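Two complexes are shown next, each including chain A; its partner changes from chain B in the first to chain C in the second.
Let's look at the complex of A and B:
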């Protein structure tokens, strides 16, 4: 494809994407304004927009956002540090990889959010249970990616480094780490995303505060328009965080 | 050969993978003895699986043989000897996450070259192989031939007395291989290096080597050593000379029977496997 043709293709696909979003919004508007869908079930988009402006202007969202982000930061710090450390240690032995990789992958496939009631019993309704759940769920993609990154470095790189006299630390710093880094970064990004999703999710199920809590609270108060505004806000935050970690990952890969 | 003229002394080296009776048990090398003279280029040639790469790894201390000893400069080899021996592997041994010059510098860092010397030596080594303009490229941006030049530069920058090359041009096409061989011959004629070069190619062996050691089929051992009496650097005309053809034909005759043996052994194994599969 010529550069010009591929550029035209890109612009065209953007137009179609925008048209799709615009179409959904138009349907949403028509459903509420013309076709008589109940405002309690589906609020008018214009009202949602007004509510969103009010939420942002009043700064009402700040305490909830702070709680959710703190939970996320602590959970991700726990899971990334423990996941990378444990993953590295496991990857040092082919035997340990053989034993634990399928085991961890198996546990990863369990929907751990089902254990939320247990987490609440252990850690209470406050942020501690969200942190514990988020850390547990995001631990698995991190540890699995770390094992995959360090455990399957091409042998020839290690042999070549050893033949040139690399010490243990040099081998780690200049061969194993750069070889494993792209895979580990992908695992960290996935861990971050699942931590965010599980924390927001568990806040909607059983919590005292946080964005998820606020959304459920508004739903129960039948303030659907404001609830939609908060959902839009949470989606924007999630998209922003996703964008940032993807950027960091891309930089790390270089 | 007087002992001070011997760079590498190989005595009764045997190597096997796995234990007898295991599925992956292979006797790769059997009672191999050989002296590599200081400053010579010795080619190892033989049917695939005859243990020539194994022998190279044993010389370089990357593998401990099941039996026998290797001495380099009079001392027994017990592990890698980065100050005495540099390797050029078949392919893809450059670190893909580092540029060409970073690759060369890393090698020197591993070997323990003082930081101040590294950049200069890397430049010289890259210039010697004709890659001065590609120092900042990543290996993935280079052709296979250029990658092998870079790998050679990394090995040369280490300034070792011995260079072990494991089919360094094995993955390249015939033309690239020919040019690299000619350049290598010129390059090496300027150094005093001792080189052991594993190859599949009869022409490459005759063109480059001072001596060619021909291996028997597995378990490999040296069947005959042939001298190529021709000064370095070798001209391209050497390839068309009567002498070249006579030597190449001699190698062909020596190898042909061994390759036949290897092939029929493999076919026997395949048939046995097929038979098991049918049951």
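Let's look at the complex of A and C:
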């Protein structure tokens, strides 16, 4: 394809995308304003926008956001530290890798959200059960990535470094760590995202506070416009966090 | 672990071979990690048993021996077999819908460069949003019955299928298409003999990820609100502080999830084999 044709295609694609988003918004507006869809089911986009401005201006979101982010921070701190430590220890022996890796991968393939009722039973409805669930779910991608990162370093590099007389620490600092870091960072990013999702999820299902809880609360009060505003807010926060960790991962890879 | 870092790494693949001679049992275990794995599982179960018997309030934790013993009682609880059936039905329907729509959309996106450039960013954007935040909307639109669980399951299962199928079709080598065309293949023949066989591995990879998504979506919706599915009983057992039956029910569901995952994974390995050069 000629560069000119491909540029024309790219512009056309952008137009199609804009038309798609615009079409969805227009349909949404027409459905509520003209076609009489109940505002309990689908609030008018203009009202949602007003509610969103109100939520942001009044600072009403601050306590909920703080709780959700605190839960996320604690859960991720627990899972990343324990996951990287355990992963490193396991990766030091090929035997341990072969014993534990299938075990961890097997547990990871079960939807751990199933155990949420148990966590609620153990830790109550407060933040503790969310932290525990988030830490459990995000532990697995971190530990599996750490094992994969440290456990499968090309042997030729290790042999070469040792034959040049590298000490144990030098080997770790200059060979193992650079080789493993990209894989571990990917695992940490995935762990962070699943921790965020499982915390939002457990807040939605059973909780006393937090963003997920606020959305459910508004849904039950049938305040749909404000609920849409909070959903948009939560999605924006999630997108922002996702963007930040992706950026950190990209920087760390260099 | 007394090995230093370089030794441990250098002895990687040859760990079993070069291990110093030891007692027979140790050597057998070293050769067969599966034995050690079973021992780890047994140790964990034992720890759980002891913890539940001696350390933890029986209101909260039940030993595995009692949980296994109570599986019969869980099954006899009125409504539980029906609830398991409903949940299985929701999973099956959500999976079939995800695969059917995901396959169609994935092919549409994968086979046309223009539609891929236009709509792939939108699909990826939707795939990346935390759908859990809109779970209350699904209940609002589809009610608290099976329909909302199926819809939520589809919303989790469909995107990985679209993305993987589109990527799989797209990776087709142009030379294969060109040579088939130059030998006079019709459109249908092209699809049947070139595109379709190349799609199979990505199709099954998509099915596997789709199954993971569907399981997550359906179970999330079940736990959120349920009138007859398993979510109803997990809530009931939690509120009655009945950890024995709660653990029993959860283990049954975990087995269901493992079996479903395993079926799809086996299918992927089986049908993806021809490609392994």
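Keep in mind that, in the parts below, the second predicted complex is superposed on the first by the 239 of 254 C-alpha atoms of A that agree within 3 Å, B and C clash if a C-alpha of one lies under 4 Å from a C-alpha of the other, contacts with A are read in each partner's own complex, and residues count from 1 in each chain.
Here, a residue touches a chain if its C-beta (ideal position, glycine included) is under 8 Å from a C-beta of that chain, and two chains touch if they have at least 3 such contacts.
Please read these numbers as outputs of a predicted model, since none were measured by experiment.
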Practice task
Based on the superposed arrangement around chain A, label chain B with chain C as either clash or fit.
Solution key: fit
Practice task
May I ask you to decide whether A:92 touches chain B, chain C, both, or neither, giving the answer as first, second, both or neither?
Solution key: second
Handout entry: Partner chain in contact with A:162 - chain B first, chain C second, else both or neither
Key = both
Handout entry: Angular separation of chain B and chain C about chain A, which is computed from CA centres of the superposed model and rounded to the nearest 10 °
Key = 80
Exercise for the section: For A:179, decide between first (touching chain B), second (touching chain C), both and neither. Expected result: first
Practice task
In the overlay, answer first, second, both or neither for which of chain B and chain C A:38 touches.
Solution key: neither
Problem - Touching partner for A:58 - first (chain B), second (chain C), both, neither - result: neither
Practice task
Name the contact category of A:204: first (chain B only), second (chain C only), both, or neither.
Solution key: second
Fill in the blank from the handout: In this superposition, the partner of chain A with more touched residues, chain B or chain C, is C
Exercise for the section: Considering only the touch criterion stated at the top, classify A:111 as touching first (chain B), second (chain C), both, or neither. Expected result: second
Handout entry: Nearest Cα pair across chain B and chain C, whole Å
Key = 7
Fill in the blank from the handout: Both chain B and chain C touch chain A at residues 159, 162, 166
Problem - For the chain A and chain B complex, residues of the former touching the latter - result: 154, 156-157, 159-167, 170, 174-175, 178-179, 181, 254
Completion exercise
Contacts from chain C onto chain A in the complex sit at residues 1, 3-6, 8-13, 15-16, 30, 33, 36-37, 40-41, 60-61, 113-114, 117-119, 121-122, 128-130, 132-137, 139-141, 212, 215-216, 219-220, 223-224, 234-235, 237-238, 241, 243, 246-247, 250, 253-254, 257-258, 261
Practice task
Could you pull out which chain B residues touch chain A in their complex?
Solution key: 60, 62, 80, 82-83, 85-87, 89, 92-93, 95, 97-98, 106-107, 109-112, 158
Problem - chain C-touching residues of chain A, taken from the complex the two chains share - result: 9-10, 12-13, 16-17, 20-21, 40-41, 89, 92-95, 98-100, 102-103, 106, 109-111, 113-118, 120-122, 153, 155, 158-159, 162, 166, 168, 171-172, 176, 196-197, 200-201, 204-206, 211-212, 215-216, 219-220, 224, 227, 231, 234-235, 238-239, 242
